[in-house]
Every structure is written in structure tokens, then in C-alpha cells.
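Here come two complexes built around chain A, the first alongside chain B, the second alongside chain C.
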Partner chain A sequence: MRNPWAQTGNYRTSYEQDTTIFATYREIVSVGVLLVALVLLPQFLERSQVLTLNFILIYAIAVLGLNITTGYAGLISVGQAAFMGVGAYTVALAAPYLPFYLTIPLGAAVAAVFGAIVGIPSLRVKHLYLALATLAFQEIFVWSVGRMPALAQGASIPVEMRNFLGYEIGFRNHNHFWYYVILFTLVLMVIAWRNLLRGKYGRALVAVRDNDRAADAMGMDPGRTKLMAFALGALYAGVAGGLLAYFQRSVVIEEFTLAKSVGFLAMAIVGGLGTVVGSLLGPAFIEYLRLLMERFSEWIKGNQVIQQVIPPGVDVASALLPLSFGLVIVLFLMFEPRGLYNWWRLVRSYFRTWPFKY
Partner chain B sequence: MSDFFQFLISGIAVGSIYALAALGFVLIYKSSRVINFAHGQLIAIGAFVAYALVAWLKLPIALALLTAVLATGLLGFVVERVFLKRLVGQPIISVIMVTIGLASVLDGLMYLTPFGSGNFSYPAFLPQEPLRLAGITVSYPQLLAVGFTALFLLLFGWFFQRSTLGISMRAVADDQMAAMSVGVSVEKVFALAWAVAGVTAASAGMVVGTVSGLNQDSLIAIGLAVFPAVILGGLDSIPGAVVGGITIGVLQNLAAGYLNRFVPGGGTELVIPFVVLLVVLWFKPHGLFGTEEIERV
Partner chain C sequence: MKRSMLLIGLTLLGLAQAQKTVSLVHSGAITGPTSDVGGPYAAAIEDYCKYANEQKLIPGYTLNCIVRDDQYQNPNAQRILEEALDRAKPAVYLGYATGAMLALKSLIQEVKLPAIPASAHIGLIDPPDNTYIFLPTSSYSEQVVALLEHIAREKKGAKVALVVHPSAFGRAPVEDARKAAAQLGLSIVDVQENGGSLDNTALLRNLEQKGAEYIVHQNVAGPVANILKDAKRLGLDKKIKQLGAIYTGGNDLIRLAGDAAEGYLWASSYYTLEEDTPGMRLHRELAAKNNRGTLGQSHNYTAGLLAAAIAVEAMKRAAQRFGRIDNVTFYDALVGMNGPNAFNPGFVVKTANSPEIDFTKSEQTGGEGLRVLEVKGGKFVPITQPFTSALFRKVHYGK
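Right, the complex of A and B next:
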């Protein structure tokens, strides 16, 4: 490794080098460039574009969590939106009394507790049964919130924050302010994610996913590991939910339904299970697909020629969204099960080994 | 007391529908270990195809029902051939997600027909006047639901005990490798399981249609209510599906009758199945009749 800056390929010679987060200097530089770009980005965008970006980053945090439960530990969770909701409602209840840097960790902690409770069946059963436990929690959560007077029976609860350390947050700079808060949180969560999962605990998760009996025989406690996976996944969801509550200035139950949970699973798969890059690409892809389809259906509604061809009673506009969403999931699983992350990996390895082709 | 029996009887009728839906679901799981999140869509499609045949093509009702059942069976078969077949040996999450994606695609396709929104009902072919017996009323569609379930149970019983195909399906469910080595075509069995699941789903859909009318959302919701039923009965047990389905139906009706007044907004019948699901998973995860898997490293 004479000139580490011009490194092409893998020249690691010791365990110390092998366990570094970044394999090459180029990776450090590219992550740095990405961060600077993300920090500067909102300066060039309109308010509505920042809004979309904020949603993507919030969803990225939730998907990171799902990538612990589902991506690493292999426990399918169809309740990520409900855990997000637990975080959001905790924040909504605590916001009048506490500042936001306390309410969000509180929401995360409460969500983690719920995650562990829902994960209890993982002590005895696997796979589908666990997916169904999260499904049950998802349905029970939505139903209960809709009937609790303390939670406005599912109607919106306002979450107000007008200034932060003397900085006024008004209509104009609301999206930008929260963009930076969300970005900062996301970076923290990514760093925690990486360090957590490449350590002893991450290995335990992978071992338990691949064969939990073998992991048991090697002295790991599969039950505890799975409970932790559920709790951690829910913790990330709780953080995302708390941020969403502040950013939207309100909490409504429609944000935390089964459809959202399924959406998160789709994001995780389209992005690439168990990867940081995938957790960013997946939400971006699905959200922009949704925007695109909404535009398209607006266009169809406005187009006289098409309107006359469509028989009455047929609702093309509301058909487009589920159709495209489902097709994307099915096609990705059939043809690129490793997700967008795999494309990113191919591009990266092309540049790393350039001018060679392997 | 007669209230209680009334709730019980209507619960059994609703539960029979769940049992029918759960049958197809268990069949797929038992033979191929696939959890089908698109079962509600199969139910809805079966019901709407029957409606289209009756209301638009003016087919006689029995013929329309039969055609719809066969068409949905064919759809199940095609789904297995096109999508699930490629995923044999893939991790469970891929398989589950494909069925979720399929559910979404089928939803979208239904919006492309006039059935996407709005309510429809079959032309009445059963007597409107309900039966009254010792203070308990039972409508004819409810009787039909129970009858249909009983009929399918008998058919399945015969099919699995006597016919070669049924026996080979049981063999595959028991041990895929062993079944393959004695010459059972596992592929054929998987596809057949999906076709039969489509048949039962369509039957369930049509029974719902006659009992409470056709509406896409409520038909698809039955696909979700199937999960508590099969977990309670045991994911891989056919008698379990029936017992689970009927129990869930009865519990729903009892909850609606006795608990709703204590809850603001009511609607306990919507959540009771999922509470049961969670409780069963906590205390008896393999259900009443499910087999506990023995694992070796």
C-alpha cells in the first residue's frame, strides 16, 4: 500500500485494517462529499422539495430499524409503522412539558419496550409466527388509538415547537430547520447502526438468523438476541415517529397504518436488506415512485381524450399506486433480490478496481 | 340467554366463512410453507367474478358460481406458476413479500374494474324471510355459509384420504424429500395447492357476498381475519382451520354483543381476533392442533 489514495483493490494485511469502517481513503472522501452535499442541498431547493426530502430521511431512520429486525435478524416485522406511532404519540403527549431533545429519546425508549413485548413469541417460535405477532400489534395499536380519548381518538394532536435556543421556527424556515435536525439524527443513527452491527451483537444477530439452534449451541442466547433485535428495530422506529410528529406539527393515526408498515418493508427490500445505503435508497425510490404516480394520475384526470376512453366506474387514478407499488416489490424480488444496494455495490467495485474488470 | 344463543349462531355462520378462507390458506402453507398475504384478494376476485357473470352475462346462478370458483382456482394456479415457482428455496421473507406485492397488484387491478369502489349485491336467490326457531333467527345466507363449509370439509376429507392426488399432497406436506424420492411431483402439488386455495377462497367470497354484500375493502379484510383463525387452530392443520375460524367468528359476535357498550366507539369485533392472535402466540404458539417442529442443527 504505497499510495493509499490511489488504492485499487483490497490490500488489507492485518485484522486492524480489516475491522475499519472504511476500507479505502476514497470511501472516507466519498462519504464526506455525500455529507457536505446533503448539508448544502436544501439551499438550492424549494420548500416543497425539502418537504419530500424530510419524509425520505425520516423513513430512512425507520427503515434502518427495520433492517436490524428484518435485515439482520431475519424476523419479519409488519408493525414498523405501529412502533413509529408509539414514538410519535409519546412525543405528542410529552411535548408540552419537555424539550424535543428529551421527548424523542423518551419516545424511542417507549417504542423499544413495546418492541420487546411484541417480540416475546420469538422466545419459542420463528418466522411467520413472528410476522403475525407484529401484524397483530399493528392492528391492535391502530384500533386502540382510535378509541382512546387521551389520544384524541385518532384525530390529530398538535405538536408545537416555535423556537429552539432562541431561534424562531416559523412558516418559512420550518422545513429547513427540521431538515437539519433530521439529517443530524440520521447520521447519529447510522453511526450507531454500523458500530452496533459490526460488533459482537451484530454477529450474534446474523448467527441467530442463519441457524438459531447452532447459535444456541455456541453459547449465544437466541431468545434474548431476538428480543433485542425487536427492541432495537422499534427504537429506531420510535425516533422516526418522534421526528415525524415535530416535523408535521401533529400526530394522526393515518400515518401509522398497516399500509405504511408494508411500505417500510418494501423500502427495505427495494433498497437492499441489511445495508445502510439501501436504507437511504429504498425510501427515496418508493417516495419518488409515489410522487411520480400521483403526478401521472393527475395528468390522466386532466386529459380529456383519455377520460373518454375509460369506461365509467373505472378508477385509474387510485389503481396506479397499488399497481406500481406491488409490481416494484414483485419485480425486485424476482430479478434483483439484493435491491438497489447491489447496483450501488457494482458501480463502487467498478471504480475501486479500475482499470481492471474484476 | 336467548341473546347468547343468537350471538352464538350468527358467530358460527360468520366463522364458517373464516373457516372456508382459512382452509385454502392452510392448504398452501401445509404443502409449500408459503404464507399467502394475497388471500383476501383471491376472496374478493372470486366474489366479483361471480357477480360479473350473474349480473352482466345473466348466467344462471349455479353455473356462475361454479365458473367463478374454477376461474379463481385457475388464477391461484397461474400465480403459483408465474411468481412462487421461481422463489422455491428463497428466504421466507422474499416469499412473504412477493405475496404482499401480489396483493397490492391485484388491488390495483381491481380498481381498474368497476368493482374497485362501491357496494354490490347478488340478485336474491334465497328466501328473504329468516328462519325462526325457539326465539333465534337464522337467515338463509347464514345457513348457506354453514352448509358450504360442511360440504367443503367432506370433499376435503374424501380428497385427502382417498384420492391419489390428495395422498401425494399429504406426502409432500409431511416430507418433501421423501415424497420426491418416491416419485411425487412436488411442483404439481404446489400448483394444485394454490388452485384448491383459489377454489375455497372464491367460495368464501361468494358466501360473504350473499350474507353481507360485495365491497372490495370488506372482502379483502377477510384475508386479514384469516390469520388469527389459522394461528389459533394451528398453521398446518385442516381441522384446526375450521375450529379456529368458527371460534374467531363466535368470539367476534360475543364481543360485539357484550363488550361494545364498555368501549367508546365500540367495534370490539374488529380487534378481538388480533388480541386472540397475540395471546395465542404468547402462550400456545403452535395453536390448538398445529405440529411443533423439532429442529436439529
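Right, the complex of A and C next:
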């Protein structure tokens, strides 16, 4: 008799059991509670707090894509922001003619095509050489946008959506409306991501990552798998870019630079490469770290005792922001290379074996 | 007892009235890209706000200055502004980056919040969504066109190269510059983007090969300083004359480029630190009082003071005229700052035909006067009288 509420004592004795997403009712309930909490959360927050959540969720979608390319396929990419940009600019150009629920998939599709093209070097090069190829695309993208009058040479292209099915969207509800759109999209993307990894293509990604020659010997096509990884990763980025375009009401090139791509890698590393939970925790951690350090900086500026100790003209408070970002990355790489996901795994393991300790 | 209660009530009412607060919000690049501009700019705003409170420039109000570091990142600027709108309800937004300001245009338009940005991108005051954005001084485009006019007066048919920052900030004047050059009989031989290369040999040799006689910069001081030093190293400093718009020059450039800056021409509306005007005296006073060091030597510090001064003046007028200060009354006070009611704080030059700072609903550039200054003996020295560009409106607006 299998315990439907806890995994204690349950053995996975079939293929279906081994690949199931929810092994027990408790897992279903916990996910349900999380979703309900996320749906209700904006009702208790200010607009600017919802704004921060929106950025976190958008970045989470982009990092999910990066976790396909880098986390599962093992292909280093520093061009994720450029793929976001492809999606965003596609949306910006299509927005005057199509509704958002069509422009965003269109942007994602175009980004996927670019992803497949950029992935072609992965057929011949690996590791840092491949990273340089994606870096090249990142820079080519920024350079190209800067020279295309149709894209305002990187200046602002407005993306407005004033109403949806008669529901007026303005300053007062803009953040909340897009929160729900982004959350819904994120849930869909997580479901797709999770199911991808349950199928043969997902297993092919892992196999190619671990040993592409062995995968080839077993009948998988490493080349096609890598291209698919890049295309899917870019598709997710395209979705994120499209959502960002609508949420920010405009598209500007500063959102899709190399620094952003590095930031996404940092989020993936901090959160935990190759994990869904890490894709959510990483962006949240980085963004709230930024907020926390900003508050800390303001506190230092306002503290007269500290200000008297600091030499005149030295702005220690403002310097804390960039310092903290770099320091956190280094500390995670040194002490917790598996990221925040590992902490989550430890917490979850406790309850998985409950009431036993192990 | 009743008398005591009445006295307490009146006291509390008096305190409440005396403690009225009005807010302004600024987010800029205190750290990160372009922080060489954003650092002194933000410092100036902070210092001017303290000064305004100490001197009670807005009678009956305490000025609450929200100064934040957005690290030149648009999401941060957006969040900072929305936080302020939720919590502090500012009367004005002192913006900074071109990209962020362009991205925020629609929000500013929707909430009807007046904005006085550090960015002088012409697109900010061009339709759409431009009602509430006011540039303290002339736009980058106008500055570059003015420099081209200066070149044309110096040498007819000259070959000119543009070197711009690789961003919307840098690219803004290029189109207008091309049109102006065609009108002036100049040749634009090349447009290069440079965000801070440490070795500009290839750039300079390329321009030399194309026969460039002048380089007009639209950038910040750091990259320009590197180019000047490399030009001197390569012996091109006598062959190619270099000029630049507002954010390329000032004491920042002299400090960074040293003697390589000699002969550099700079289009600026601001008085120099050595000039004796009420605004510049205040600049020196506040910089010294707040130990600003090199930040206080920068014309970007002057720019920050000007933005804050305009904001405070508009707040004062709003309080006097309407009895309250909010975004609506601030806007009305700001667009009424013209004619005999123009604002003359002493930070920027004025021409014979226009006061120092004046705004209307349709004229959203405050200080229209420009001067060309040249580095002589390690200092910027004016070589022209204040003027406005004769050609800019024609090439940009077609009228």
C-alpha cells in the first residue's frame, strides 16, 4: 500500500512513478498553496513592490531558458539578454498590429530561430570557445540595433497596451495586471520546462552534457540536441523579452546588453544551475539583495556617526552596491556552488523522509 | 481646562502647518556607467536641498530629497520612481539617463509628473508623451549643431568626424548633425562610436586617413580624454581639432587629459568655476562646505545645482501662487517661469534675446544660451559671447 501523502516507505517500482512530477498529494497541495499565495500576494503590496516582483518573474523566465542551455545542456551562453532583445524588438514592431497574446509568441519564435543560428558553433566548439561565440552574438546584436533606424538605433520604441477585453490598464493597475500575465506565463513555462525534461529530448540534453560521444554512440544526435537547447533557451528568453517590453511600456537597448547577460548567468549560478527552483530563487535573491543594499546605503548616508568616521568626499555608501553584487557571486562559487537550490533541497529532504531523520 | 486644550490644539495645528513637507526624487548613476557624470550631479542635488532647507527657500515647507543610485539601469530607475510615487508623492522627478528617461516618458505623461532630466536628448521634448519633460539647458543636438556652425565659421568646407557614445545618448545628435553639415557646406566623413576604449590608435588613424580636420564628440569626459591623449601621442593633436558637447568637457576633462586637453573646444551653457556669478559663488560655497573635493570641481555639479534650483524655485512659486505644492501646481509654476518672471540663478549664460531660464508649455528648454570655450593654459576660457544655434530648429523641426 503506497502512502499517498508522504514518500516515506514508498519505492518507485515503475517508469511512470520514476518520472512523475508529483509523487504524493502533499506535493500537489504544497504547489497549490504556493500558487494561491502568489496570486493573492499583490493585494498586499504597493505598486512598486509588485514592480520588483514583475522583474523577478520576467528574469526567472529568462533564467529558465538559460538553465536549458547552460544548466542541462552544459552549453555556456552569455547572450541570453540578446535573445531577450530579439523577442522584445519583435514585439515592439508587431504590437501596433497584433494583440499581446500573439506578439509574445511571435517574439519567442523569432528568438528561437536566432537561438538555433547562434547555436551552430556548438557543433564544433565547446566550453569557453562556445561562450565566446555567444558573446560575439551579444555584441553583434547590440551593435546592429544601434545602427538600425527601424529600431530607433537603440532608443525607446513605445509599446503600449491600454486595455484588455475592456479592462482599462493605466498607472494604477499596470503593475498588477502584468503581474498576473507574467505569473500565468511563468507557470506555463515551468510546466513546459518540467515536462521537457521528462521526455526523451530532456534526457538527450543531459546525456549530451555529460558525454556527447557516448550519447552519439547510443543513437542520439548531439548536434541537433545542442541546436535544440539553444533554440529552446532563446525561446524562453524571447518570451521574457516580450513581457518586459509590455511591462516597461517601451523597448530600449540598455535592457539587453552584455552586463544583463552576465547578470542572468549570476542569477542562474546563485539560484542553482539546472533547477526550476533555482531559476526562481536566483533572480529573487539578486533583486532583493540589490534592494537591501540600497536601503543599507541610505542608512549609512543618514547615520551621522558613521559619516564622521568616513573621510570627506568618499562615498562609501554608494560603493556598497556594486561591491555586494560581486562579493555574493564569489562567495556562492566558493562555499555553495550548487546555489540556493541546495538549501531548498535540504529543507525539502527533511520533510520528504518525515517522520524519520534519514 | 478648555483654554489649555485650545492652546494645545492651536500649537499642534501650528506645528502641523510648520512641518509641511514637499518631495523631489532623483535617481541617477552614482555608481556604474557614466558615474563620472552622475556622481557630482547627485551630490549637487543633495547639497542644494540641504541649502534650501537651511535657508528656508520654500517658506513653510521642508524639502525632502530622495536621491537614489540606479547604477544606470532602467529597471532601477523605474522602481525608484514608482516607489516615490507610492510613498512620497513627489512634485517633480529629476531624472538622469537617456535610456531610462525615454523608457519612462509614457509613465511620466500618464501621472502628469513634471520631470527635469540630466539627459538633454531631444527626443525627450519631442512628441509623443512630452508634455511634462523640461530640459534645463539646450539639447545635445543643438549643442552639436552649434559646434558645427562654429567650425563652418572657422573653415568653410571642412571635413568633420563625429565620435559618439554607443547609446541613445550618444547617437541622438547624429541625424541633425548630418543635416546641419549639409546646410553649412561641411563634410561628415565618418561617425564612430566609442564608449571608452583605452587605445584609440585605430580610430584616430582611420579618421586621419579619411582626412578629418575636426572631431566633434558627443560623449562623457573619460573616453574623450583617452582620445585626446592618444591624439597627442600620435602627433595628431595639431592636425585634427577636437570639440565636444556638454558632457565631454569641463574640469573633469582637464583633470583626466592633462595637457592633452589644450586647445579643446567645448559647447556649454554653464559658467565656469572661476566666473563670478551668484550661482557659481554658491557652487563654490556648497562644494567647500560639503567637502565635495573633485566632485565639486565638475560642471556636472553645476548641472545638478541648476536642476535642483529650478525645482526649488518652481516649488516656491507654486506655494506662493496656489497655496500648495504638488505635481499640478509645480507644472503650472514651471511653465509660468518666463518673461519678467524668468528665473536667473546665475548658473548658465543668457543671451541678449533670452533670460537665463524660461519655460512655457511649448518651449521646454530652459537655458537656451550657449558659449564655445577653449582650453588655454589648463583652463576653459570662453571664446564666444552667448549665442543660440541659428540652424538647429530648421534642421530638426524643419521650420
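In this section, the second predicted complex is superposed on the first by the 328 of 358 C-alpha atoms of A that agree within 3 Å, B and C clash if a C-alpha of one lies under 4 Å from a C-alpha of the other, contacts with A are read in each partner's own complex, and residues count from 1 in each chain.
Simple rule for what comes next: a contact is a pair of C-beta atoms (placed from the backbone, for glycine too) under 8 Å apart; a residue touches a chain by one contact, two chains touch by 3 or more.
Remember, predicted model here, so these are calculated numbers, not experimental data.
When the two structures are aligned on the shared chain, A:Leu273 is found in touch with chain B, with no touch to chain C.
Contact comparison for chain A: of chain B and chain C, B touches the greater number of residues. Applying the stated contact rule after C-alpha superposition, one finds that A:Thr52 touches chain C and leaves chain B untouched.
When the two structures are aligned on the shared chain, A:Ser349 is found in touch with neither chain B nor chain C. Of the two partner chains, chain C is the only one touched by A:Phe171; chain B is not.
By the document's definition of touching, both partners, chain B and chain C, reach A:Ala319. Contacts of A:Gln307 after superposition on the shared chain: neither chain B nor chain C is touched.
Once the two complexes are overlaid on the shared chain, A:Ile253 sits against chain C while remaining clear of chain B. By the document's definition of touching, of the two partners only chain B reaches A:Asn211; chain C does not.
Contacts of A:Asn195 after superposition: neither chain B nor chain C is touched.
Touching of chain A by both chain B and chain C, each in its own complex, is seen for residues 143, 146, 153, 312-313, 315, 318-319, 321-322. On the side of chain A, the complex with chain B involves touching residues 70, 74, 76, 118, 120-121, 124-125, 127-129, 131-133, 135-137, 139-140, 143-144, 146-147, 149, 153, 211, 213-214, 217, 262, 265-266, 269, 273, 311-316, 318-330, 333-334, 337.
Put simply, chain C touches chain A in their complex at residues 30-32, 39, 68-69, 71-76, 78-79, 82-83, 85-87, 97-100, 102-103, 105-107, 110-111, 121, 123, 128-129, 166-168, 171-172, 193, 291-295. Across the complex, chain B meets chain A through its residues 29, 35, 83, 86-87, 90-94, 96-98, 100-114, 116-118, 224, 227-228, 231, 235, 263-265, 267, 270-271, 274-275, 277-278, 281-282, 285-286, 295-297. Across the complex, chain C is touched by residues 46-48, 51-52, 55, 142-143, 146, 152-156, 158, 160, 170-171, 175, 248-250, 252-255, 290, 294, 297-298, 312-313, 315, 318-319, 321-322 of chain A.
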